[in-house]
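One chain, subunit A, links the two complexes that follow: it is found with subunit B in the first and with subunit C in the second.
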Partner chain A sequence: MADAQARVAAREFNPWRAVLVISLGCLAVLFLAPTVGVLLSSIKTTREIAFGELWTVPRTIYLGNFVEILTNPAVPHYFKNTVLVTVPATILSIALGVLAGYVFSKLPFAGSNLLFLVIISGMFFPPQVILIPLFQFFNALGLIDTLWPIICVHTALGIPICTLLMRNFFATVPNALRDAAILEGASEWQVLTRVALPISLPAIAVLATLQFTWIWNDFLWPLIFTQTDENRTIMVGIVNLRGQYSVAWGVQGALSLLASLPTLIVFLFFQRYFIKGMTMGAVKG
Partner chain B sequence: MERDALYWRVILLAAPIAVFTALVIWPLLSSFYYSFTNWNGFNPEYDFVGLDNFAKIGTDRLFASAIINTAIWMVAAIFLPTLLGLALALLLDSKVPGGTIFKTLFYLPICLSAVVVGQIWIWIYQGDWGLLNTVLRAVTGSDFSYAWLARPNTALGSVIVAWSWQQTGLSMVIFLAGLTSIPDELLEVCDIEGATAWQRIRIVVIPLLTPATVVVVALSVINSLKGFDILYIMTGGGPFHSSDTLAMHMYNESFKKYLMGYGSAISVVLFLIALTIIRIYFRNLRKVDEIYG
Partner chain C sequence: MADLRLESVSKSFGQEEVIHDVSLEVAHGEFIVFVGPSGCGKSTLLRLVTGLESVTSGRIFIDGVDVTHVKPSDRRVAMVFQSYALFPHLTVAENIGFGLRLAKTPAAEIRRRVAEVANTLRIEELLERKPRQLSGGQRQRVAIGRSIIRSPKVFLFDEPLSNLDAALRVLMRLEITRLHNRLQATMIFVTHDQTEAMTLADRIYVFNHGRIEQSGTPMHLYNAPANRFVAGFIGSPAMNFLPAKVRRQEDRFTAAIGSSVVPLDRSLRNLPQGEISIGVRPEHMSVVDPADGDVEATIEIVEELGAEVIAYLQIDATAEPVTVRLPPQRQVVPGQRVGVRLAHESFHLFDSDGALLG
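Moving on, here comes the complex of A and B:
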């Protein structure tokens, strides 16, 4: 007891720890400054910002920027479209990853390792490489300026990471569990949906947070595939509205803040899953 | 039984393989095909031009500068986030009070979109009221007003700093995971032997972090090759193409000038560069596995 107290006391009076905490604090302030800038801009008037008061503590909170954003007719479209792209593409990519991951871990066959490698190599390549053919493909189908190409492409590009994580997760499920269920007369589909899937919820949570964040934040594919406000997603919308509010920096800040809220909330609540996914399947970005 | 298994493999793999083939493999092969044509993106008719597009690459001055910028971008993307992430991980590993909060703060930028990050940093670099110039004016007492993103000398470097700010948290988390795998006994031995903190880090910790370092470096390279959004937002490759990278150049040629054939040739080059890097990475990964088993 006395020993433990002495150790605590020794820890408290270590000057190096104080230096450490102070330097970390300074770094944290530096690191946080950009994010705080967006917060501050959203509650200041354009006049204040133009006079160099973006980075000072606000004296009053100005809500006009948010009013401006929420009454802009294009903004509801942006948010609706982003949800309509992100939710189905997240679900579909995970579903396809579950199917492929299950086969690669529980029903391997001659050449399945090679096939698996081909699929996961997909996450190493810059997506710009397939940009032109995909544009041509969806153009030929008459689907440019709809949400379909964005959903399809995100579903396909999510397959590598989802297959990788699901295969690795299913590998930890004992084969005996599957064999027993098969002997009891269960079909492979029943094993997958009733045995493997219920216990793989942690892996699915990891994938859901990663996929949601990436697809919500994506800019390249909606930039290529959409042309009108009715079909733009929020990230392309921000860039597009920058023309309309070219010097209304506060309005731009308010929109950026609103657009970041969903991923910020997911990040803060599911941080554990997020970090796990980032370090496990570390290569997608 | 065996026939059953075959049946289920086909059923379960059909959808993922079909989608992946149609939307990733097939477009990749098509890119090679289009790189031999003069297709303009709209006209259904086009001609085969052989290796003309690749010959054009050799004489395209913008391509040469894009390659140089991509190299600068990649080298900076390897060093800045890796070193910063390592420093932060070492600082945070010593169980400081509030460590979790610091970790969250440093990691937070990774969940922001390139569009928002670009927006923030445009304001930091803004000439009249940007944070950087405001601080510089306060420090030097001069009337400093330099538009960092609008000058060819500083545009690329400024975007690299913004990019590093976002990527550092990711390196930090991977290094932190690597640090937890270093046995405490080893560090205690250092203390007993009277090693200084710096010696401990240099002789014991950093060599043991090699696997984590390989992952971080590979990730940085791969992510930097994909880095398009933030450049598009912050500079659009400008001014005067001074911050064009390969991905940016390919976008401009294909979707601004509608030279889809030439753009495809650029993406083939991008693909070959990525392939080379991935092969180097996997070869070293195997070496690391052999050493650390």
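Moving on, here comes the complex of A and C:
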């Protein structure tokens, strides 16, 4: 009884809790502020924004910006290009990560740990270091101003993180499950597709969300590898909407909002697979 | 024809050999138990039989066919794992039918055979559940179901009961015996548990350090252990070992346990003079008045188990504590001075290396 009261009192006076709540609150505001700014700018006229009224509560909701981007013939191109880059690169990088991760966790061979470290170290290369050689490489192949270099680079850059995550997840899949499946007549490929992968859906969902968002929002590589408006992706497209003499804040804001919808949808779709405990019941406990 | 035969099987992991030249034969329908201390290679041996590990040397025959290089699923062996190894994302029915599904058996046929197996194991009402919705005993049944559906030649159980509580173990033990009787199948069962080994086995193989120490019926191993390791391993409470010195007196031998001298069996002919160890089972000792026993001792702990009394005593002559099994009416209390009478005809004599003497 007295113990319980003491605990309640301790909770009331715990300064760390207050510090935590306040810092998290500040962080949330910091992270949300740009989004709110974009949202506000999308429903204001360029004139209003130019007069410094970005952060005021709008008196009327101006939809002209949205009308403008929806009627802009370049916008569907941007979306199509981004999908054409993001979907294959996401699928490819995850597929390669799954295969590599499975081998590293379930079929180790002499030197496999070293190879794993080499692959993981790929995560720590700053893009600036490989930017120029990559440009020269794809230029020599005649692939500049196509979507191919972007797909290739994103697939390659995704391999380290996908391999790391999948290897660690597969490591939690008990070896006895593989043994049991093999005794039942499964090939290594069937062990992967019928046992390991279905159990690993949460990891795949996390990876799919991460990779999709990262590739969809990327600005650097499309900027480097594309030149004409037909081949731009959405993030480069937003910047391109700038008028010749003015900065089209409102229109950019509206397109930014539209551009973030797919990542939101992907997140909401995969979020339901983020469930834990898929392996529960496989082994004792 | 033997259902399973191993010929000089050895297995090394890297430099370390963990199975040394093991040969054994299991007849059709036999229930074999492998026992041995942790790390002696029981699981490894089962994995060699399944083909999940490949032998370093030697050959494996199942039903007369050399399967040394046959892949696991074609060997007609099934294994039940200690951890059950059920597929967590599949229902019980899908788990049991997994192998048939891989073999592209028609769906109707799979359903029929799964129902049959479920009936045998009395798990019909669990078929639509996922493994996490089952109790330990139910999971065990499902794992057994998955192993029997493809009617294998040899069943392998790797400590299948060790995750269950004591009461459930006894139940599952009976159930496995029943299953064995019903299927008339060849089974190899690995366990740490004395009682499991003694009650289930037609024949027991005792392993130590990757070698077979002895094989035989439970009673044979109990009554005629081939060496000190088997003598100490089989039986619970374990056999007592008393250090002694052999002396020759005219045509017969005696053993000195401390200052007490006990006569040894007349039939013994050539014993080495010197240090030996006398193995006596707890039931081959009795507690008498201090003056009447072969050796004197002090009672340390008394465990009353109803049907019997287990007493732990300290013999004056040796530092070792010994265990004595007494009838329930025998009244002893800790601290009491007693004499211990040894049943001389039931001695097992071992030399200092643990080999049987006589």
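One rule holds in what follows: the second predicted complex is superposed on the first by the 226 of 285 C-alpha atoms of A that agree within 3 Å, B and C clash if a C-alpha of one lies under 4 Å from a C-alpha of the other, contacts with A are read in each partner's own complex, and residues count from 1 in each chain.
Rule of thumb we're sticking to: contacts are C-beta pairs under 8 Å (C-beta built on N, C-alpha and C of every residue); 3 or more make two chains touch, one makes a residue touch a chain.
Source: prediction; values computed, not measured.
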Which partner, subunit B or subunit C, touches more subunit A residues: B
Touching partner for A:A176 - first (subunit B), second (subunit C), both, neither: second
First (subunit B), second (subunit C), both or neither touched by A:P198: second
Subunit B versus subunit C as contact partner of A:L107, first or second or both or neither: first
First (subunit B), second (subunit C), both or neither touched by A:V38: first
First (subunit B), second (subunit C), both or neither touched by A:V19: neither
Partner chain in contact with A:T163 - subunit B first, subunit C second, else both or neither: first
Partner chain in contact with A:G185 - subunit B first, subunit C second, else both or neither: second
Subunit C-contacting residues of subunit A that also contact subunit B: 278-279, 282-283
Residue numbers on subunit A that touch subunit B, as the complex places them: 17, 20-21, 23-24, 27-28, 31-35, 37-38, 41, 49-55, 96-97, 99-100, 102-103, 107, 109, 115, 118-119, 121-122, 124-137, 152-153, 155-157, 159-160, 163, 187-189, 192, 213, 216-220, 223-224, 235, 238-239, 249, 252-253, 256, 259-260, 263-264, 266-268, 271, 274-275, 278-279, 282-283, 285
Touch list for subunit C against partner subunit A, complex: 47, 50, 52, 72-73, 77-79, 81-89, 98-99, 102-103, 130-134, 136, 139, 146, 150, 163
Subunit C contact footprint on subunit A (complex, rising order): 174, 176-177, 179-186, 190, 194-195, 198-199, 277-284
Subunit A-touching residues of subunit B, taken from the complex the two chains share: 4-6, 8-9, 11-13, 15-17, 19-20, 22-28, 30-31, 34, 39, 41, 88, 91-92, 94, 96-98, 102, 104-117, 119-121, 123-124, 128-129, 131, 134, 165, 170, 173-174, 177, 215, 218-219, 222-223, 225-226, 228-229, 232-233, 247, 250-251, 254-255, 260, 263-264, 267-268, 270-271, 274, 278
